[in-house]
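Chains here go by letter, A, B, C, D, E and F, matching the order in which they are written, and residues are numbered from 1 within each.
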């Protein structure tokens, strides 16, 4: 798994959650995690989460840190499990910075203030995860908290999270390659 | 996923990591997590982790809290991902009790003192996870810490962890059932 | 697996065979079978069965009882096997009501009169089955029979079939969770 | 899928449910269904069904008709679905001979009298089904009925069932090869 | 696996790499390989290979021999492995005709002159391979060689390749059906 | 994929085709190909190929070059396809050294003289391939040819083959990670 922080601002509208996004747009071949900053405004057309679609949810923020993970040869159950682990890694990392958040599934909260949005799905060729973390609180449809509230610098934070997730992913793959079958 | 705390003391020797363990021995049918207390002494014959086998590692403790998870229809990559999430849930839970541990892959440490052992593997019919957490420090081959050091009562702790893991598992399965395919 | 009879009349044109149909339109989350009554007129654009597409078949009826099954984490071979079992359940049920039909693959016949149409396919996130059973004979391109010919009341019939299929599906899943691997 | 009736009497003890049974013992390569007559007495050691194992069930009969199906490249969920369909084919066939049985999962009953035993499981290379149907009632641990009660001749019956199941299997495989993906 | 040479000239633009192509357009049901002659000009819209897409590659030739393979129930890793084997079969066949080519992945070269283009991908229902081999050198964006240079008659060549690939495919499937599981 | 030539002589009896062989015995973690020289004498107990088992074939040679490939997360169909490709790579390589062999499935022949034996199978955790190539002709049950006949030095040859197969494997995996899904 490779990782890359994209310095250019990219406004996320959901069309980025498409097979080979990192390869076509950022030259990362194979399993990858990329991060970039930009607004978030997912159109109904690109809403992957039917739960949001059904209620016409607004997935919006003026300034978010976006992570997009792509994995090949993994199914959706693995992708969602790894999504939870990615969110858990963010929680642990912020804990290390003195910020105590609660994780409910794939969401992080400071009391009732939501820090993040996330979704995972798959196509016939790969699985993908989007995780968006508020950099600032502007433009969100619900009460939120943001990295700015915690004085967390987004680029350094993004890089640390990508390093940790990449290590974890590689170590998980390795762990599947050193056990005997059960009988 | 069902869960059950087994009150009877069971000494774990590795033979418990066998398909249908919870069903055959504890009447839990389907996806399950069971917990029990007992010593740990994994014989070479039942050592699933080839890394341990190669170095002739001793996986031993006089008094451990054992968790055994079994999942049907899931592959090994998912099982290892969920193993990490289970360990992460333990870490978070202990954090809530004021104990700050470091997670390295599937191990938990208080500085250089190891709290746990864990392995995940699969047969043709299911995947399984073993997670053992020291209740006391006696009989371990490396420097360890234990629930007793933190004044954590094992039964209540086990039940809380099983409840959280069961909820997480169900919510992961549900998350795979509400997303549109990517294209 | 959940089931639900939709009281509202819905005219089926093939666009209903789309991932998350029951969730998005009828609030049923997860594995499900829904039934509703309405006409049937599948447009070429939504014709999933290439056999029909190639010959420009007309899949039409003025009044049909429609079943839509959706299953997550199951492949197409399982979906088609379960489609056959669903049709077989309908056959047995009608036999119990004194109607002796012949099943040829996924079709039911009274002599040369066709009672039903059916198809199963899959996307990257789920598998789906459509089974349409004539309520009346009007508007069909071939000789047909219909529930009305047998004085079968559609709503009660649909509910009985959904109950039986749901039980069968759950018992099949359970049967995969109680066997030892072969060696 | 190939089929073959084995004329030699073979007493079934469960060891026959082993990958490549039809190939090694009866020269049938690939997907297959074989049938033979003989007693049934499954030893605990070869008991694949943990439900039976747990209660120490006796799976016995003096004279049974045995079917063994083996399928390559299919998972356990498909195998159990096809097991149900096989039992359903037997039910339909006997119905055509004037015998009305009730199917409960993978069992057939004449009122409270059991006609059959069945199990399906898998190894890393294939899935297998065993279906045993009483030819006579002797030696069974529960109230049973048998082909003899219905004046059904076992060899002809076995051949008809194998023909029907083979056709159904081939037509199911073909049905998976003529549908467009859903989107 | 069935094979067929299509006598009608068909200009390939990439839209042919679509599930059920051989079935819908050439009446070949199930696993298949078809061949036909025609120009090659893949539009960006139908470019499956993101590597080509990213650099805006031109996949063009005035006169090519096209092979399209479709396989059901096989994953992308198998499809790419078989693509390499197909190209290897072409290499061996031409070697037998006195033409020594170098294979680099899925490409064949006579020194720096490229003979072929190829891609493999999958949908939710099947995997497909396209292999195009220059019949003549006109209209290609890079230095090429062609069957005409080697005095190879395309129809006979295509038939021989399809025969060999079909035999190989069948023998591979058979090889998966005669081995014991490893333990 | 990693590769390693084991200098120590190892006599192959079939027990080496066991999950994690390269890891446990030669410290190669993950996808791997290892080679070593030694006699070949596969006991019935370790005969994975039921075809050989059925006829009581002797798989013997006094001095062979053995390759053992292990791949994780790949199914048996992929393993057999890659086995063929491995044999094809050997054929091409020897062609480059002036030796023209015929490949029939997974066997290589010089006219009627057999150069090699091979098998591929899988467990619940990995797939494995054994390819044995005669270094000398002694002790074989059928007419054979051997590397010595062609003045091929085994160690250099083994290393070249392992390099080529490793490159091919990596490039196949990469090829699965750069294509758009078909629709």
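Keep in mind that, in the parts below, contacts are C-beta pairs under 8 Å (C-beta built on N, C-alpha and C of every residue); 3 or more make two chains touch, one makes a residue touch a chain.
Note that the structure is predicted; figures quoted are calculated from it, not measured.
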TODO: Touching both chain A and chain C: give me those chains, sorted by label.
DONE: B, E
TODO: Could you name all chains that are in contact with chain E and with chain F at the same time?
DONE: A, D
Task: Equivalent interface positions on chain A and chain F, same or different at half - done: same
TODO: Pick out the pair in A-F, B-F or E-F whose interface repeats that of A-C, meaning over half of the contact pairs match by residue number.
DONE: B-F
Open item on the list: Rounded to a whole Å, what is the gap between the Cα centroids of chain A and chain B?
Closed with: 26
Task: Averaged-CA centre spacing for the pair chain E and chain A, given as whole angstrom - done: 38
Open item on the list: Can you compute the centre-to-centre distance for chain B and chain C, using the mean CA position of each chain? Integer Å is fine.
Closed with: 42
Open item on the list: Could you pull out the residues of chain E that touch at least 2 other chains?
Closed with: 19-20, 23, 50, 53, 73, 76-77, 121-126, 176, 178-183
Task: All touching chain pairs, where touch follows the definition stated at the start - done: A-B, A-C, A-E, A-F, B-C, B-D, B-F, C-D, C-E, D-E, D-F, E-F
TODO: Using the touch definition up top, name the residues of chain D that touch chain E in the complex.
DONE: 19-20, 23, 29-31, 72-73, 123-126, 174, 176-182
Task: Interface residues, chain F side, partner chain B - complex - done: 20, 23-24, 27, 73, 124-125, 181, 183
TODO: Within their complex, state which residues of chain D touch chain B.
DONE: 50, 53-54, 76-77, 121-124, 183
Open item on the list: Help me check something: in the complex, which residues belonging to chain F touch chain E?
Closed with: 17-19, 47-51, 53, 74-78, 80-85, 88, 91-92, 95, 103, 105-106, 119-124, 126, 128, 168, 171-173, 175-176, 178-183
